[in-house]
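Which chain is which? They are A, B, C, D, E and F, in the order written, and residues in each are numbered from 1.
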Amino acid sequence: MASRVILLSGLVALIVNAALALDNNPILDFCVADTKNTVLVNGYVCKDPKTVQAEDFYASGFHIPTNTSNQLGFNALPATAAQIPGLNTFGISAARIDYAPGGIIPPHSHPRATEILIVLEGSQLEVGFVTSNPENRHITKVIGKGDVFVFPVGLIHYQRNNGSQPASGIVAFSSQNPGVHTVANVVFGSNPEIATDILAKAFQVDNNVINQIKSHF
Amino acid sequence: MASRVILLSGLVALIVNAALALDNNPILDFCVADTKNTVLVNGYVCKDPKTVQAEDFYASGFHIPTNTSNQLGFNALPATAAQIPGLNTFGISAARIDYAPGGIIPPHSHPRATEILIVLEGSQLEVGFVTSNPENRHITKVIGKGDVFVFPVGLIHYQRNNGSQPASGIVAFSSQNPGVHTVANVVFGSNPEIATDILAKAFQVDNNVINQIKSHF
Amino acid sequence: MASRVILLSGLVALIVNAALALDNNPILDFCVADTKNTVLVNGYVCKDPKTVQAEDFYASGFHIPTNTSNQLGFNALPATAAQIPGLNTFGISAARIDYAPGGIIPPHSHPRATEILIVLEGSQLEVGFVTSNPENRHITKVIGKGDVFVFPVGLIHYQRNNGSQPASGIVAFSSQNPGVHTVANVVFGSNPEIATDILAKAFQVDNNVINQIKSHF
Amino acid sequence: MASRVILLSGLVALIVNAALALDNNPILDFCVADTKNTVLVNGYVCKDPKTVQAEDFYASGFHIPTNTSNQLGFNALPATAAQIPGLNTFGISAARIDYAPGGIIPPHSHPRATEILIVLEGSQLEVGFVTSNPENRHITKVIGKGDVFVFPVGLIHYQRNNGSQPASGIVAFSSQNPGVHTVANVVFGSNPEIATDILAKAFQVDNNVINQIKSHF
Amino acid sequence: MASRVILLSGLVALIVNAALALDNNPILDFCVADTKNTVLVNGYVCKDPKTVQAEDFYASGFHIPTNTSNQLGFNALPATAAQIPGLNTFGISAARIDYAPGGIIPPHSHPRATEILIVLEGSQLEVGFVTSNPENRHITKVIGKGDVFVFPVGLIHYQRNNGSQPASGIVAFSSQNPGVHTVANVVFGSNPEIATDILAKAFQVDNNVINQIKSHF
Amino acid sequence: MASRVILLSGLVALIVNAALALDNNPILDFCVADTKNTVLVNGYVCKDPKTVQAEDFYASGFHIPTNTSNQLGFNALPATAAQIPGLNTFGISAARIDYAPGGIIPPHSHPRATEILIVLEGSQLEVGFVTSNPENRHITKVIGKGDVFVFPVGLIHYQRNNGSQPASGIVAFSSQNPGVHTVANVVFGSNPEIATDILAKAFQVDNNVINQIKSHF
């Protein structure tokens, strides 16, 4: 679906580029990622420190709204170790997030990071996360410009811009490669598909409802 | 729904009892959980070591099939730090899992643990997990008695017993309190609910489909 | 000195309130800090989870420039586990930073965190950090609105707003309590003082130069 | 001694194959071990993720009793990162254990893992571990089918099947490479030997007793 | 046995006093151990930081040889978090070791720490450790004054003073509470005893040999 | 300056040689550093374990005073993973320190380690460290032969030998590569320089004072 292609322009970078990272204690002043090296580790191997430059710790463009003209109405510009090789081994990353009016970031989790959101613009941003079984308590709040909210590691959460104007924010993650696991894409859009009758039983609906949902992913 | 109450008998113990735990390096020979203490930490505070007994490192009943007469057709008997206080600080736990013929463990994640499954009985157990965005690659296999499979931390996974006989297995987790985040319950059954139109947009279906799903959770 | 009192209005909160924190793996969905508890641990003990509210994961005011009318020309609004109790155990925190024209954040280190800076406003922000002995290499760059820069854990770094307009930014830290170790304050303004002749020898100047510097801290 | 060769058939695989592993936080969805790579790290380097298959997360044969016809009367089938490359970076592993009637697993420790044992078959399995100096408290219990017991990291422990029938169990470890340090083999069977008079003094017996013990290892 | 009582004077302090500690990342400038607090955690809870003094980071007496007039001919003066409360949360400790001529530190392991030994006095100090199964390789060397040697975490190791003069050294551990697991005491001197016939089978000797050894512990 | 060249003879080894290390949990019996390998990681890659020798865990010369005939009057002989490849992955290192009468180790921090000092010789060794903002509390004590003192990770600290005789000590660090960040060298001697007027404002002195200090570094 075209809108999905557009939507994922930011997320693709977030994930594809951040394919190999490491979030343990750093032991060096820095271990700037050698993203081209064929030796793959739990994180990146390091560049020769003599070749390290200030640019290795740098990214730009966080002031430019990303394109939210897609079906969900959000987009993201990541700054993980894939974009900023100097983040390698440091256990932190960031991203700019934009929300169209009515835009949502659908329910998703980060398998390896807590997220902290600082709202730059916007007045009616509905945010929430849900706790583990069996309570599945929904912690939710409507926040706005200058507000900060925390989403615990591994828990499914979402945001929706209920305001009439675009909203934006900065998020930081407690990992150089948090990962993104969007529930709808993972469950209904995986490659290959998860069997329809498994999902029908899981969501307690008919197969045709599952197939209807799958057709969008 | 009655079946759900039955279904969760094991999971309630898994989560409610395991409400407070700690998965970092142990520094003591043991720090047996004092599960009644009103001081709550990232894990349990320790009992006086002089009062520690062999029973603190012990649980029983893993040979008894759990009751799978519920809508999903699975159940679990956990052995986390909540059931075995001697597990506190040791970063590991286990559970027995039972599957009725056709039973499923619906798509879920463990926010804080990798899982390893050892199949005790069963011949057609379909297992799978899905990778992060944007690939959302589905890694799946049909396994049986004596087989072992791994589900990486934080990733959504599921199992279904395609066999005509009950299946069972032992799972171990890389945390004393892995947590369980069942997608359907989290997204469609949270308390309070996530707004229907957010979910409709996320899953790209009409509100009435969402409400239909919600009615089961 | 009056200016110092003003200057530290933000930093006092950053440090005094963040007096007790914990940056290891979380094992619970959350362990919201009970900041009033008399039991002190490497981090905060947890509130009763039943009393946890959305407000525990929330802070506000990040859109309001802090007062930079002080001698150094900068100020900060922190969001650590001391301000947002829900950050406890999650290994991340944030702050808003403001720079007057010509304002500096003097050389300092964070003993327990890497910092990532996202510039919100400003056009000539000079940033830099220095590597360990014996190279003491100075990695520096002039950045502006929308730029991002990384300061590795434990290394001394600084910023100066060379622009003619105020600048501001969001920073995130890889700890819920990064700590701030401002070199001038630590070395020349500690309580009690470090002996003048030790500092004279360390900086290879006369005692009276040291005493002159000390008089400002 | 022939019996020793037979006995170690399982343990050899457990240790030799698991020669290089890593038990810190994973940062990738997975880092499947490239066990043939000549670059050796604290764990395995990763395979190209594009070549990863479901088989990388899979092992089999846990339903087949291992051969316990050896002097000690036990054997093991391991599932560490050496056997299941998908376990790399995930801090967990497992094994099947079999005990002949009267069979023992002699006192040993795992230098890098806590162990949790789930008994599949057997009725009189004596288990125990001993705490550190100076108490050297012996925590012991007789357990059976369906029982679970925990052995803390680094502490010497043992098991004996006092029943008249074979016993078996599943164990899980809090490391992808726990290591096995069998006291008798380490102390009396190392290569080269530890000097006899050191051991005579350590165990407070004559040299000829030490030499007698050594002759069996 | 009288000699054992004398021998353990140092080790008792090392272990009994160090009963509760924590070796993860510190998040505070310090968390000085409140060793009297009844709340027990994986490490010590912290004193009120306002009451912290320089003495909390201090110990003395490392220049005084300890009494080695015991059967094994060694003794130790520990400096763990139990003796220096300021070590709490910092993952390091130390000890002074003395060896009589011919004195040995019998085979033992530290369940939670690597050890580094710096020899202060002595000329023929035989040191060694043994690797895990199945190689059980013995890495050994004779070292003397000014030499340094490393003993990896969890592996059984020993030292013997082959010189004609007393020897001494400083050791440091990668934990605030490394633990000591002396093989002979653990296996033959635990309380209650490990069954004689288990040990007879483990060491492949007659019961009376085991009983003879046990009689010394 | 000639004296500086002499002074740094030990520190250069400490840092230059220790350029690449790793301080997380070890998973192998050992991962002896292959310091010549061109593959650089957060720590060293491992040598082939078959080529490992006792010498890999060994260093010498700690009994020989280092040359303190330099302007500051101290010197150091390090034993990090760069000098002892067997320390790789074990999170610990050590050094010998010598102080001339009146010698100082100027204010510095270790970005990645807590330090424990054991005084071998000396009678009036003034030691101190300073806590984070805003208290900047100076914890200080005069210690002597046989005394032990702790310097918390990341905090600026110093030592001065006020005695009339040389002093010496052993230090151990909670990292295989602690790093050294000497304040004067970092701030006034970096390459390239930090702008003079930034430092003038930071230390609240005239530019010429800063230039005077810089001229010595």
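Some points to look at:
FYI, a contact is a pair of C-beta atoms (placed from the backbone, for glycine too) under 8 Å apart; a residue touches a chain by one contact, two chains touch by 3 or more.
All of these numbers come straight from a predicted model, not from anything done at the bench.
Between chain D and chain E, the least number of touch steps comes to 1.
Each of E-F and C-F has its own count of C-beta contacts, and the greater count is at C-F. Ranked by how far their CA centres sit from the centre of chain C, the chains are topped by D.
Between chain A and chain D, two chains of identical sequence, the interface residue sets overlap only in part, with shared numbers making up under half of the total. Chain geometry summary: the mean Cα position of chain B and that of chain E are 40 Å apart.
Per-chain CA centroids place chain A at a distance of 26 Å from chain C. Multi-chain contact residues of chain E, defined as those touching 2 or more other chains: 22, 24-26, 29, 39, 41, 43, 111-112, 132, 140, 152-153, 155, 179.
The list of touching chain pairs reads A-B, A-C, A-D, A-F, B-C, B-D, B-E, C-E, C-F, D-E, D-F, E-F. Residues 19-24, 39-43, 111-112, 175-177, 179 of chain C touch chain E in their complex. Across the complex, chain C is touched by residues 22, 24-29, 31, 34, 37, 39, 41, 43, 45-49, 88-89 of chain E.
Taken together, the chain D residues at the contact with chain B in this complex read 26, 29-30, 52-55, 57-64, 79, 84, 86-87, 90-94, 96, 114, 116, 118-120, 131-132, 139-141, 143, 145-153, 155, 170, 172-174. Remark: chain E residues 8, 11-12, 14-16, 71-72, 104, 106-107, 109-112, 126, 128, 130, 132-138, 140, 152-156, 158, 160, 179-195, 198-199, 201-205, 209, 212-213, 216-217 touch chain D in the complex.
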